[in-house]
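Here subunit A shows up in two complexes: once beside subunit B, once beside subunit C.
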Partner chain A sequence: MSNNTSRPGSLSKRLNRVKTYLSKPQNAILLALGIMLTITTVFPMITILRDTVLIHPGSKDAVGTALESSFDFGSEKLTSYNWTNLFTGTITTRVGRTRVTRSVADVYLWTPLLNSVLISIFACFGSILYGGIFAYLVTRTNLKCKKYLSSIFIFPYIMPQWTLAVVWQNLFNSNVVTGGSNGLLANMFGITMPQWWCEGIFPVSVVLAIHYAPFAYILIGGIFRNMDANLEEAATILNSPRWKTFLRVTLPLIKPAILSTILLVFSSAMGSYPIPHYLKLNTLSTQYVAMKGDRIGQASILAVIMMLFGFIILIINQRTTSGRKNFTTVTGKSGQTSVVNLRAWKYILSVILILTTLATGILPIVLFAIETFLPNPGDYSFLTNASSLTSKWWLTSENITESGMYGNKGILYNQQIWNAFAGTLFVAICCALVAGTIGTLVGYCVSKNRRSKWAAYVNNMAFLPYLMPSLAVGVAFFVVGSNMGLYDTFLLLILAGTVKYIPFASRSALNSMMQLSGELEEAAIILDIPWWKRMTQIIIPIQKTSIISGYLLPFMTCLRELTLFMLLCGQGRIITTMLDYFDEMGLYAFSSGINLILIVSILIFNYFVNKLTGASLDSGIGGGKK
Partner chain B sequence: MARIELKNVTKRWGGYYAVEHLDLNIEENAFVTLLGPSGCGKTTTLRMIAGLETPTEGRITIDDTVMFDSELGINIPPNKRRVGFLFQNYALWPNMTVYQNIAFGLSNINEPGVYVNDAGEVVRDGQDKSKLTLTKDEIKRVIDRVSAIVKIGPFLERYPSELSGGQQQRVAIARTLAPSPKVLFMDEPLSNLDAKLRLEMRSELQRLHLSTGSTFVYVTHDQMEAMTLATKICLIDNARLQQYDEPLTIYSQPRNLFVADFVGNPAVNFIEATGVQNASDSSSSIELEFLDGFKGKFVPESGVDLEAWHNHEAKLQAEDEAKRRGYVEKTNKDLPFKYNIARVHEPEQTQTKQLTHNDFVIGIRPEFIKLSDDGKIEGEVFSAMPTGMETTLKIRVGNFLLTAVAFGEMFYKIGTKVRMDFSGHRIMLFSRENGMRITNGELIINA
Partner chain C sequence: MKKFVLAIMIFAVMFGICSVACAASVADVIKQAQGMSNEELYRKAIEESSGKKFVAIGNSSRGKTALASFVKMLQQIEPSYKLEEDWGQPKNNTIFEALNADVNSANPVYAMTLIQDGNQIKSKMLDTGVLLNFVPKEWLEAPGLARENNEFPLALQTLNKVFMFNNVGGAKFDNMWDFVAEDQKPLFMGVNSELVGKNALYMMTSDKYATWIKEAYEKLSPERQAEYAELIEDMQNDADELGIKGENAKYGLTWVYLWCEKYNQETDDGPICTTLVTKSAAGRSGLIVYSKLRSVEETGESSVNNITVAAYQDNYEGIGGYAYKHYLMLTKTSPLPWTACAFIAYMTTTHDGFAAWGKDMGGYAPVPACMQDHSHDGYVDGENKFPVKNDRGYDWWLNKGRLVVEDPTYCASVSGVMSEWIDGIIAHK
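And then the complex of A and B:
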């Protein structure tokens, strides 16, 4: 720095360079976005890390610190107790009459961690298999009813996560095996499913796989649709057997889509709270919720571990997507795609798929609807006696404590429910607006600076929250929010939602902006058209649908988000936490009613946005449309 | 080394015909080009022969094996037809290196007695019938051979994305050649290359055809490419075969106005004419009036009876129509070819005239317009485009424009007066009524 003075021109030269750099709006915006995203993404992470060494009054660490050492850090007292106790401590539990001593790590860490990893792996595997096969059938064969199938196939993703978990319970639970009321199968046919089928790793994995299969379908299907059919035909002509063509040509071509799916599904599955919660599996997220009462610091360690997985996935992804084999499979010239003739199988497979999609897409809605007319939860007596159905859960307009309403008004008259619904709408709209705008800007600026390291950094920062399990992000904002006195405010919800959903918008914007030739804007620059005019009159009109998709996906996801928000507010603030509350209370008719309202409104929103603007969840997730 | 025979082959999607009742005989060792405007059905034809597309009806034989027959229900899959296919966009597998791309097809060979001879060629009927596949070493020898042919030796370890368009093209050729196919199909293989490279590859393909001795079927929309490469051209328009002949025959004896117009660069001059046949003249000459006031006598190269010719054509057309009546109606209708008369000012409107046997179109190739000081037609140079070897001239005669080619280094100033004649006896005479060529002959302009 000292020789700056000896070369007087150098400082002003540097200043000039900075000025030139910033005179391009995309650079200035990129700089601002980079700083902002660093704060919103990194700050909460650091806060969690810090939380693991804080002493929480009334928590185990407060007691434990008295025994172990603590150290002063500035004005604060910090402790390593949470870490040492979690990894090396022991606890004594009572099993029947005998007292058993076990290590803390076994109980609170290794078991849930193993479960989390297993369900994430199974979810990836299952969703890729199911979604991939479905994508193949829809895009490359002469399957029947493709249109219907492809639109209903994504229902499970549009619907709240727990929907299928609840349906699973309603179908398979039985008093003998799981306790509680009998499910539909036990009720109607007297069939009782075994324990492993009803609860634990198996159902959680299946439900997660079905929930995320639309990702795989949209991403893999996008490649299948645009894949140059000649690549496979060239192999066929060279006498390659079908399986070999598939293994050596097709599979490598869809590998990027498979990797993207893993990227998206793994951490989403890991961070899912409601599904393991309903289906009674001990995972990191359910364990976190169980521990946040008296082991807050250690719970934060679980959140840190979840975040680590996010980082690992990000690094693996970068490793695999850079390299010599990196290629685009989508050619501008799309040859005629030859369609595989399934012969008789086309009917068999169509029927099978129609039945499964009905079960995963339509059945939940029907079951929820029925549930709201049952006199008591699980009381299916209407099957023999139609008059036992009741509309009290909807229509009761006064405060009555009898007939199982516990003083709640019917759903249609229940101010609490509608307030929460309005709250959800408000949060969703705000999140969508902010996340959509920022994401679009990130997509635009990054596409304008393709080679710049800073742009790549901003892009990664914008994407990172996606790879962070929802619960971990929720925890981070919970810690930040409690420290800043924002707990249970809309502001905190919107903040968390925005950060978590920017990736949706930035991905979809980046995907489409990358396809936009820079010359379009350069033509306008030469005519000296100002930046805002170029944006509003050229870029935005051209990219209208993909930009709207960037707003749509955060909106939809926000409507049905529970995991991210449940730690951040009281139960009456938004509809999903309200639903959780009724569920805990055992008022299943109410929770089913809310589920029904949510699902139906999401489907209606989706339908109209799609019809009016052509935007779709597909393009938001990143699947190519023809 | 293989004959290909198509009989009455049709491919349609609903009522849209991509290929309509195509009969085609491709001889052994031929280099046949499928030529025609974009969308006329060339690719579809090629893909049907290769087995990538299933014809709606018809019969396809390669050598003496029936590959497809709609009536017998035979359809041999593409991988069993032992053909090579070069795709328009190369279709190189991006996930494999150049070496792997070429080796892939070789590793699939599974036939008794296969081996690689000293020249590095795959031979399929060796003595050792227990040997079904090629060894790694044999594969390497084949790759050495083909990579030497197309000069890609230095790139074998690269991925396709690391190659230029021309190099990718060569790799695609090598991949197709490697298993020594008896027929080689190529779908516009040069259309993605720049002009210079295209010329170079063209001559290499020609050499390749000689050295491999395989039958080549080559799709192109570029008439120059077809003319220069082919032993025979199959010219298609709107799914229908227009003419199947040797290039020079197509050039000098086109069957109809479309063929005459499509082949040749610069394009043929069309001139509308009216006239009657001299009944008395033994050379069956026709007195014509054309170019707003010029008169002349057309002398056919061999005698023609116009009346008889028209009757014959009408009969053929009726037969064709009768045959087609039984088929699904063609939604992509065959319209009469709209030949272009070059004019300085386009006429305000063209009233549709009722055409008779006495309406003709004269077709004159640019090289048959001879400039000479004592020419009978006077015109004015409208534009001149010298290439060094020759000059393409547009000459204005009244409101009409005629294209001529003058060889040698001459300078033509725009606006100068020139005189010209129509020389030779390869002036073409078409019927304006049905668009078919009646005959070639000499056009003597009255002074």
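And then the complex of A and C:
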């Protein structure tokens, strides 16, 4: 009897507790976001995991032993063949004229996996070294031309990443070494670079490092900029040598930013498809695409392995940032910063950096521009005969198949290009709006529930897709999208883009909301001001710059994203798949023209947003203020 | 609850019936359409699709041009006819997943497809019934029709990829084994990014083509023969293990092995062509789509005259290249089957319908009336300035040029074992 009476009591108590919990908007939103993010993040992962045990007609898992080892699971026929064959199977092949039996994993998995890990490590190392040194010089020394250098340094991040790979090829390839026509260096100066320089791990790592160095610059630079110089000055007063001060004082201070860069760059580099594809390195991403013909299930296993790296990085992130998961900068506590006098080196280093940034930021743009006036792709005959330059790639208004146009109109008249550009803008705007809003809400709600496990879970769910290689996320949405009839639709692109880019906004919002004193909102609550009014009239205006960064970054990143989207749509749907198509076809004039359009667009958007709101691209993934 | 379960069951049964009915109706339409003239098909298409959206997917972007031309043609018959055109071109071998997903979705949109890779078409699309074949009546009745190997699945065209080399500096490649000689790095699209290339390598182990390879080997000097003799003998073990029968399979396998070990992978035939035609690519070779030579703008650095098509040399020995096909088929759930049939008939039986591809040399429609003559493409103002562009035609290529032609059935029968054998070689080169 007592049980009967206590049950309704405890139920109503629980209900009351739930009601009280949900009466706070941040809790209700957190619950809704948690459920939504779990579905959008976990469901694609489960789908791709399921794909590894499905039988695919026309694939290796649909014949012979695979079918023999299949089993019924509900109404579906599944097989463990893809896993067992990949990890224990053998194949007969030839290496160096000798007939050998190799494990299937040796052919399809270990080498790509090793290459992926190596390029990710090297890209981290390179980007931190380059971006970190640059950040130090710009923020803590009296280097010359800082404003110019700071702006130009982020150019490689603005450009679609593989365009630097194409520039690399055009510069360094040679008949003698790479076995084709000469690149610019061999053509003009007769310089031939060795094979390891032209193709493989080295160029892939360098290009990735150059592309992600702005990340390191933004993250490390933020700390350098706001760092209190008292500690360093104390060390100087104590007669500590400069190198020792750097190692013992400065370096530990920027450690969190270095760690953040490693976490972010590692997964981004691992998921990069186009750079290894163009520079001929077999990685998990390129291997996934190569295996899609007749080993579809095993290709999905590669995607699962890439996802596992995302989880490992998430765990490392948890361990290293335990508690307050701040990825960005030490913000605005400093009373003073000291500037190191470089003396004569300020000129020498400026010149070196100007030349370096010219090579990584300006040269590609100049080469893109020149390319759009060449008679044939990569044909620099204008150096000896200026009349060979042509405007056909821009101004051809007819649909012609001659002269290398392949039935395409010139860029200015090419409806396909402009439609794809409009498609990209549409996807980018939608992703930015949805990801920005969800991310801001995540940041707000998590900051309001700092000690809640659910809040930590939601925060992790929101951040997890960023730590997953883009290709793995793309594969997951491809499998889901194909099953739901969403392939080649804007909806699928927006869904994938939103899930992938929520972390930009959530990190940005969380970091800024953490700095916000609860008293401000509490005062408004006492005055009985509704939640939406508190948000729109207090919270958002105060943290407007960071919040806008949370919208801006998904937008900018979406504009030049390929790896995430390349499996989800046809080549004409958005501008990056079209750009990649032109690059693959060797129609570099079109791809260079599109690149110019993209770069100019991003700079214009960045300029206007910066003018209107004070936020800009280089205010960083963490939304740290300049 | 019971009502809810019942409702779901009814919905599921209706959905199932609808799917079966849909497939049946597309098959019925095809059956009827095969007995109709083009004119009748066009009328049916106008009746069926005016004011609607026609969604198709294909491996060739020119399908879009052909579709626009088709609509214009229908508008000449019925001026009020309107069709919203949507031609998609998927990337990275996703066309098969896209088609498969579409026919299994609740709301299929693809009316038809233009697709390549006979091997995957057979195993993923035909054996599973995802795609249905349609053969136009006027195609069957066309004078001079090359019916063999083009009817099932229906081929829009056969395209050739041919061996060529840069002749600057006097390089010589007069035997197909020269392309796999010690210092060679022939340019070629990655076999896993364009699988028709892998199919061609499978085909080279079939008896007919392996014999051609053997004949070319026998024309090599004794020193060159000795270079490969041991490997060829050892390759018999591979042939046995892979289950490839045929007396001369070991010659085919040896050449394929050497090719895989040496080829220099490029993303597409376009960059290979622009590379090969330059002066600085002296002595380099490649296996690329013949029609790419049309795209070269003559300059001081680049010229098609820097290229020699290997098979056009009088003393050339061996295979001159390979041929693959573009196939046209309907999806089994095609929402506009009459229009799809009419469009296919238009492309495969009329000159205007094939015009989007007809301008290219090296692409051959089974119906001669669709074709344009490319035997004098190298002539400028009556002068034979670019002989390499004078296409010698389908028959010449098949017989004298010794093209390897893709056979979906053979490819499908060996791909299971040969694919990984090839992957093993390229993974460790």
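As a working rule, the second predicted complex is superposed on the first by the 584 of 626 C-alpha atoms of A that agree within 3 Å, B and C clash if a C-alpha of one lies under 4 Å from a C-alpha of the other, contacts with A are read in each partner's own complex, and residues count from 1 in each chain.
Keep in mind that, in the parts below, contacts are C-beta pairs under 8 Å (C-beta built on N, C-alpha and C of every residue); 3 or more make two chains touch, one makes a residue touch a chain.
These numbers were taken from a predicted model, which means no experiment stands behind them.
Annotation for subunit A, partner touching more residues between subunit B and subunit C: C. Within the superposed three-chain model, A:Pro25 lies out of touch with both subunit B and subunit C [touch as defined at top].
When the two complexes are overlaid on their common chain A, residue A:Gly200 makes contact with neither subunit B nor subunit C. Applying the stated contact rule after C-alpha superposition, one finds that A:Asp228 touches subunit B and leaves subunit C untouched.
Of the two partner chains placed by the overlay, only subunit B lies in contact with A:Lys244; subunit C stays clear of it. Every residue of subunit B that touches subunit A in the complex is listed here, in rising order: 50, 52-53, 77-80, 82-85, 87-89, 91, 93-96, 104-105, 108-110, 159-162, 175, 179. Interface of subunit A with subunit B (complex): residues 228, 230-231, 233-241, 244, 248-249, 252-253, 255, 324-329, 331, 333, 335-336, 338.
On the subunit C side of its complex with subunit A, the touching residues are 57, 61-62, 65, 88-94, 96-98, 100-102, 105-108, 120, 122-124, 127-128, 185, 187, 190, 192-193, 195, 198, 231, 234, 237-238, 241-242, 257, 264-268, 270-278, 280-284, 294-297, 299-302, 356, 359-360, 415-416, 419-421, 423-425, 427-428. The part of subunit A that touches subunit C in the complex is made up of residues 57-58, 60, 62-64, 91-95, 97, 99-100, 102, 104, 106-108, 111, 175, 178-182, 186-187, 277-278, 280, 282, 289-294, 375-381, 384-385, 388, 390, 399, 401-407, 478, 481-485, 487-488, 566-567, 569-573, 577, 580-581, 583-587.
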